[in-house]
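Provided herewith is a single structure, encoded as C-alpha cells, for subsequent inquiry.
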Amino acid sequence: MSEIAHLGPVELLTPDGDGSLHFFTEVLGMEVEGRDGGSVYLRGWADYQRYSLKLTESDTSGMAWLGIRAWSPEALERRVAAVQAAGLGGEWTADGAERGRGAGYRFRGPDGHLFELYHDVERYDPPEHLRPSLKNQPQRYTGRGAAVKRLDHVNILSADVRADRDFATDVLGYRLYERIELDDGTEAGAWLSASIAAHELIYTKDAYGAHGRLHHLAFWVDTREECLRAADLFLDHDIHIEAAPSKHAIAQGFFLYGIEPGGNRIEVTTGGYFVYDPEHPPTVWTEAERRKGQAWGVKTVESFHTYGTPPVDAPAG
Amino acid sequence: MSEIAHLGPVELLTPDGDGSLHFFTEVLGMEVEGRDGGSVYLRGWADYQRYSLKLTESDTSGMAWLGIRAWSPEALERRVAAVQAAGLGGEWTADGAERGRGAGYRFRGPDGHLFELYHDVERYDPPEHLRPSLKNQPQRYTGRGAAVKRLDHVNILSADVRADRDFATDVLGYRLYERIELDDGTEAGAWLSASIAAHELIYTKDAYGAHGRLHHLAFWVDTREECLRAADLFLDHDIHIEAAPSKHAIAQGFFLYGIEPGGNRIEVTTGGYFVYDPEHPPTVWTEAERRKGQAWGVKTVESFHTYGTPPVDAPAG
Amino acid sequence: MSEIAHLGPVELLTPDGDGSLHFFTEVLGMEVEGRDGGSVYLRGWADYQRYSLKLTESDTSGMAWLGIRAWSPEALERRVAAVQAAGLGGEWTADGAERGRGAGYRFRGPDGHLFELYHDVERYDPPEHLRPSLKNQPQRYTGRGAAVKRLDHVNILSADVRADRDFATDVLGYRLYERIELDDGTEAGAWLSASIAAHELIYTKDAYGAHGRLHHLAFWVDTREECLRAADLFLDHDIHIEAAPSKHAIAQGFFLYGIEPGGNRIEVTTGGYFVYDPEHPPTVWTEAERRKGQAWGVKTVESFHTYGTPPVDAPAG
Amino acid sequence: MSEIAHLGPVELLTPDGDGSLHFFTEVLGMEVEGRDGGSVYLRGWADYQRYSLKLTESDTSGMAWLGIRAWSPEALERRVAAVQAAGLGGEWTADGAERGRGAGYRFRGPDGHLFELYHDVERYDPPEHLRPSLKNQPQRYTGRGAAVKRLDHVNILSADVRADRDFATDVLGYRLYERIELDDGTEAGAWLSASIAAHELIYTKDAYGAHGRLHHLAFWVDTREECLRAADLFLDHDIHIEAAPSKHAIAQGFFLYGIEPGGNRIEVTTGGYFVYDPEHPPTVWTEAERRKGQAWGVKTVESFHTYGTPPVDAPAG
C-alpha cells in the first residue's frame, strides 16, 4: 500500500490570467476560494481541501509545482527521507508558505518537475451561500459550467519515463497499473495510482526530449453525460476541443480534452476501472496495440503526442 | 393530422416575482429575452420563438393563458371557426398585443382556461453574447442551471376531463394517446398531442371540482441525466422537490417535479415514446392499474392529486 | 404537413445471412418476428408494426426496398397519383405480398431506389414471453444487446441529391430541415422529415455517381449512454466501428456507426432536435462549415464519404 | 490505512435455485464460472477473481459467509491474530476448501455473521468466447441483462451496530465514513470502507434484534443510466422492485433495490463519493435528518427497515 493519500493541489501558470480564470470558473465551474498576489485559489465542489488549483499569472504556461499529500505525519517523514536517500535534494517549506497548508518538502523529480510533499492541511469550511444541503458534501452544488468535482489526475511529460516511474513507485510508493513499452524497449507511458482509482499520476514520453513539461490536468465529473455536456460548453465558449469525448483504451477512462486560454491542456474525465487486487499485474501495451487508437478506434490527434506546456525553471510562488 | 403546430408560449402568474424569476433563470437556466411592465419574457436555449414563458407578477399564482400556434394562417381561420361553432365565444387580439406575435384569438375552453390561438410570430435572433456555434441551434448553450431547452407540455386540471378532451380533439384537432378511466366511468386524465411526442396537452381531474386550474408546466431536457442533475440543483437551491426523478407509467416520460417560489408546480422532463402510427389506439388505464404507481412502482405523492394553482378569472396582460 | 406517417419497414440484403442475423439479434438486440423463405423479419422492442426490418440473404448487400407508410388510405391514393404524375411509373403489389401488409405501390425514385408506399398494416401482438409490463409498450424490454427500439431513419446515396430532394418534398410531401450546398452549387446532402424529428429520410451525394446505393440504416435508442454502451458491444462482438460515438453537427444527433457482417453500414442513434415551427427555414451548410467536422470537431472518416452498399437492380422478395 | 484489500466473494443461500440462478445470469447478467455440488459460481464481467458470488441451494435464504481478502499474507496473519485476540474464535480452512482460494480463516463476527479472511486466490482466465478486446479488462462485455461489473458492497443487519462497527475498525482495520446515531444514542447504521470508495461494508440495525441477518448485496454498474435500465429489466422480468432508482443521502450512491426469487434483497448501485482525506471525519446523521428520506426526499419504504434474510446457524459449504 502506498503512503500517499492523493495528489494536489497543483499550481498552474498562465500568461492569460483573465482568460484562464474565466475558463476555470465559468466553463469548468470551479469556485474562487481566495486570491493572493497574482494567484487565484480554485476549488471543485467536492474538494475537501480549501482548493485544488492555484492559478498564477506568469510569463508562460505550465505547472509550477504538484502537491502530494502524505497519508500521515510519519508517512511524510518517511517519504522525505526516501527522496533525500534518492539524491533528489529539496528543502522544507515553512508552515503556511502555501495557503492553508503546513510545512512541506519541495524537491524536483528525476525529469525536473517540482513536487511538494506535505501532510497538514486545512479542510474547507464553506461560506453561507455555498453551504450544501447534504452534510456529507463539502460544498453546495451550483451546477455552473461543467461543474467539476475535484482535481482527478495529472499527466506529466518526461524525457525518461522509466526513470520517473521508478521514482514514483520506489520513492513515493505509487503502484503501477498500466504502461506502454515500444518495440525498442522504450517506455512511452506509465499509469500510477496510490488508490483503487486506475490512475492518479501519469508519465508520458516527451516527444522532444524536453524536461519538466506538463501534458494535462484532469478534473473529475461523475458521469459520462457530464463529459458530453462539457463538450457543448467548450464549443459554445470557444474553447478549443483537442479531443472530443470518447473512451480511452488505457485505464478505460472517458475523456474530453481542451486547451484553456492560457495554453494548458485540460481534461474533463470520468469512469475507468477500480483496482481491488493488491497484486494487480500491470497491463503492458505494445506499439502495435496502441496504433489501434482509443477504445472505440478513435485515432489520437497528433498534437496529443507532442504538445505540452513549458518546463518551469524555478519554483514559483 | 392536427392543425396545431405546438402549444406555448404560456403566461404564468406569480405572487413572488423575484423568487420566481430567480428560479426560472438560475435554477431552470432560462434566459431573459425582455421585460415589459410587470412581465418578464423567458426562453429556453432551443426555443425558436423569442420566448416560451411570460412570467407576470400578480396577486396569485396560476396560468393566465396558454398560447397555441396554428399550423398556418388557414388552419388558424379554421380553428377559430370551430371554436365559434362550438359556442365558446372569444375575440381577436390585436397584432402585437402580445410581444412578437400577430393577431390571435382568445377564448375560454370548457373548464374556463384561457387559450390564445395564433399563427404569426417572430423568430428569435440572438444577441452577440448568445450566438451559438452551431447554426442549426437558436441560441448558445450556456449550461446554466438545469438548462432547459424549451417548454414541452402543459397539464391543466379540469372538473370534467371528458368534455375538455372532446374539445381538444374535436375543436382543436389534438390526438388522444392515453387516458385514465375510473371504475365509475369518470375520465381522470387525458394525454393529447399534435405531434409524434407522447403528450403536449394533458387534462387531469381536479380533485375539488374547481375550474381553470393549472397542474404543471413541463420543460424539456434531452437526457435523464439532466433530470437527475436538476434534482441536485433543486436540492441545493432550496426548491421543494414534490416528486423525485422517476419514470411515469403513462407516456413513459422521465420526470422531476418541484414547486417554484411562486407556488406553481414545474416539471423537468425528458424521454417518453413517439407515436408514428396514424391510427394509434389510445391506451386506457383502469383505476386498479393506476394504483400500482409509476413505472417502477413509485407511489404518487398525495399532493400531486390535489394541488393546483388558482383559476384565473379574467384575462391577464 | 406531410401525408407520410413514417418510413419503414425496409428490406436489407446480405451475403452473410447468419452473420447479419447474429448482428441484428445479439448485438442490436432485435427480435425475430418470423421467417419466410430466405428472409427473417426483425423488430425493435418499440416497433408497433410486426417488423421494421426484413433481412434477406442475397448475392449482395444493400437495400432492396424502403417502405413508406401513408397517413391514411386517402393519403396513399394521393401520393400514388403524385408519383404517377411525376412519371416515375411503378405498380401496385397485392394485399399480403409483403408480410402483414395490405396492397402497396412499388416504384423507383429518381436515383433508382425502390420504394413502396402503403397504408394498411398489422399491429404487433406479442407472444406470451414478450408481453410487456406496461400496456403502452408494444413488447417486453429484454435489454439484449444494444436493445434498439425501432428503425429511426434511412440515409440513401444519390447521384443527384437535389433531384431526389425535390421528389421527396414535392411528390412524397416530406419537409426539408437541413442541407449542404457545396461551393459549386452542388447539393451534397438533404435531411428530410415527415414529423418533428430532425430527420427521417436523408439523401447524401454518391461519391462515385453510382445509383441506388444505401448509405446506412439508423436504429433508435433513447439515451446517449446506450450509444456508448453499444460501442462496447460492437468492440467485444468484433463489429467494425467505422465512427465512434459522437455528436453530429447536422441534426445534432448522437451517433455510432458500424459495418454489420453483411457489409451494410448501421447506425445506433439518439438525440437531435425537434422542429415545432411549421415554417422552419432549412439550415444550409457550406463546404467550409462542413470541413470543421462533427459538432465537437471530430473529422469524418474518409470511408463515410465513399462507402455505400450496392444498387439493387431488380425488386427483391 | 486498512490491511483489507476488499470484501467478497460471498456465499448466498436460496430456496429457489433455478429462480435465483435465472435472476443472477439473465437479469443481473452474471456469468456462470462453474458448478460444484449444489452451488453455482457467478462473476461480473469486471471481477478479477474467478467469481464473486457462490449461489447455493438451501432450505433458506441469507448469507452463508462473507469472504474478505487481506492485503498480503502478512496482513492475513496479523488480522487473524487480531480476531483471535478479540476472543472471536474461528479456525483455518484448508487450501482449496473454497474454489480457487488458498487457506482462509473462518470465524463469526460479534453479531454471528460468518466471515472468512484469506489472501491467496486465483485470477480469472476467460475461456475463448469470453476473451475481451481490451487487455486491461478481465472478461468480454456481453451486455446481457443489467451487466453488473462486480460485487460492490454488503450490508448486514446487526442487533448491536456499535459493537460490530468497533470490530470492523479495530479488528479488521476498516475506516468509518458515515453513521447514524438515534436520539437515544443507539447507533442505527455504520458505513465502512477499506478504500476510497464511500462504503464497502455496512452494518444497519436489525429491527427485530435478530442476529446474523443479511440486508443486501450490492452489485456495481458504472453509470446511473444503467441503474435506470436495470429497473426496466426488473419490471419486465417480474422482479419485485422494493425501491425504484434514486440517490441515497448517506454515501450519495445511486440505487435500485429488488428482491431476487430466493428472497434476498439485491441492489444495483453506482456513484457515491471518494474519500481521499486520510483523516476524513465521519459524518454523523441524526434521527431528524434521516426522517427527511433519501437525497431528493424519497421516503424509504417500510420493508427496507425491517426485512432481512435469515441468520445462518452453521457454516455452509
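Letters A, B, C and D name the chains as they come in the text, with residue numbers starting at 1 for each one.
In the analysis below, contacts are C-beta pairs under 8 Å (C-beta built on N, C-alpha and C of every residue); 3 or more make two chains touch, one makes a residue touch a chain.
Predicted model only: the values in this text are computed from it and were never measured.
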Partner chains that subunit B and subunit C have in common: A, D
Comparison of C-D and A-D (more C-beta pairs in contact): A-D
Averaged-CA centre spacing for the pair subunit D and subunit C, given as whole angstrom: 45
Subunit A-subunit D separation of Cα centroids, rounded to whole Å: 32
Touching two or more other chains - residue numbers and ranges from subunit A: 134, 223-225, 232, 235, 295
Residue ranges of subunit C touching subunit D (in the complex, touch as defined): 132-134, 140-146, 223, 225-226, 229, 232-233, 235-236, 238
Footprint of subunit A on subunit C - complex, ascending: 224-225, 228, 231-232, 234-235, 241, 244-247, 294-298
For the subunit B and subunit C complex, residues of the former touching the latter: 1, 5-6, 46, 48, 69, 71-72, 123, 134-137, 150, 178, 195-197, 222-225, 249-252, 271, 273-274, 276-278, 280, 283, 285, 289, 295
